[in-house]
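A, B, C and D are the chain letters, set down in written order, and residue numbers restart from 1 in every chain.
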């Protein structure tokens, strides 16, 4: 990836964007760190993320991976609320530690004109082995377009 | 798949199982139809499933695909709350119709001793083209075991 | 999918296209049947497709799923040798029957301006249960463009 | 991952294993480096790996990712020719450089009793950006068993 890439949105800008655009989950996510093509995103685990018995649910981990790749992309291209996920793959590797936040470590592997692709490892905070891995593809709407990326 | 397979849980048993084991989402899902290796599952779309602007969120569609394959598996092997998702892939194809329930059409492709695999097409009710496709793998704990399937 | 879709390439045109564009594998694949958004493709299994001990190799099954979705797409849009695979997922379900051709049953789930998505079930000829399932996404180069779809 | 893990097979043992068990592709692959939970595998690109026009084919990249995760697993558990791939996902990111070997960098993310999971980035030798990413799951047959892992 270009070593001289500049961030269009820094940590503060990304956290403010989450508050504004996703108010219903603004307390769930927190950008811990961002650099070009890299991010660390926290999921503040609450009761709404849990399955019976305590582990974080699959949909909550999907959402964490999804937002991770989305924010890595926006960090470079600026705020585009219209970008949509087109593909995801996830492997669930270990049971997350009960009552513990999740940290997602993302790498942006490609930022093209119409697609961005990133992968993610998810950890229970303080543990060395990942609980899940994922990869996500986002469709980026054409510049200046209000077009629906689903039409791609 | 064996043509003479028998259901261990029918429509009523699956809907009752959802109520008991997943009380926090019991109003979200409804088994419309079940047969050996096939199921139709409804997601009653509510505000908690929506992204800003109205479309059903990715995590909600992940959850629908996930529960679809889980229930197809339980329909044949009986209630095992410990079965866990080990892998998923999803393609998001079209924007779901606003204010419309989603219907998932599932096919169970394999039911082995330790793994079950199914795929799913998700439709906005009343529309002919799918909004998403997915595939899910579940790990099934050994018979009589309280073992954690994550250790597989 | 549109019920009135017309084929831009029929069975003969697709088989001739394979001969011309993929001469190195032209004897491997044969289009058995094609309709709008559907195809059946045969892999004539030979020694080059086998793993030690006899089963068809993973790469051979990947190739079969890949060509299946490619040809379903070309059947509707006409010959475009530049279309490239951008994503794939595969589950390997059962051991293929030794010494037996494979048949891939493909469904085209989306044909957009820039992406096509299809899924595939692969069977050993004469067997009822699939040996693999897959999904593939293709990037379609813009009309009239010689552009490299990898730049998308 | 356990920091004190020991290799059951080192670089020489893995390269010798490839020669013995996969004689038909023994000249294609070469283990460059191996450590617990990590490997670098070379694909010596030849005419048999190319699509018309020169790029390495999808099946060849699938095969490279597949063998990468397989060898990372065997490096820890020893030679088990029966282990089989159960799931794969791949994203194709950029066109590989013509006439250039591919290097796969693998990470083993989980080694359980019955499943191993790893991910892979594939590079054209000498280039900084990956041409593909993949993840693979292997089913490991029970110790001492001649059982077919496909029955899992």
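Note that in this section a contact is a pair of C-beta atoms (placed from the backbone, for glycine too) under 8 Å apart; a residue touches a chain by one contact, two chains touch by 3 or more.
Keep in mind that this is a model prediction, so the values were computed, not measured.
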item	value
Most distant chain from chain C by Cα centroid	A
More contacts between chains, A-D or A-C	A-D
Mean-CA-position distance for chain D and chain C (Å)	24
Rounded Å distance, chain A centre to chain C centre (Cα mean)	32
Where chain A and chain D are represented by their mean Cα positions, the distance between them in whole Å	28
Residues within chain A bordering two or more other chains	86-87, 89, 91, 93-94, 137
Pairwise touch network: line, ring, star, complete, or other	complete
Sites on chain A touched by chain B in the complex	21-23, 51-53, 57-60, 62-63, 66, 81, 84-95, 148, 150
Chain B residues touching chain C - in the complex, by the definition given at the top	1, 87, 89, 91, 93-94, 109-110, 117, 119, 121, 128-130, 133, 135, 137
Chain A residues touching chain C - in the complex, by the definition given at the top	86-87, 89, 112-115, 137, 139, 151-152
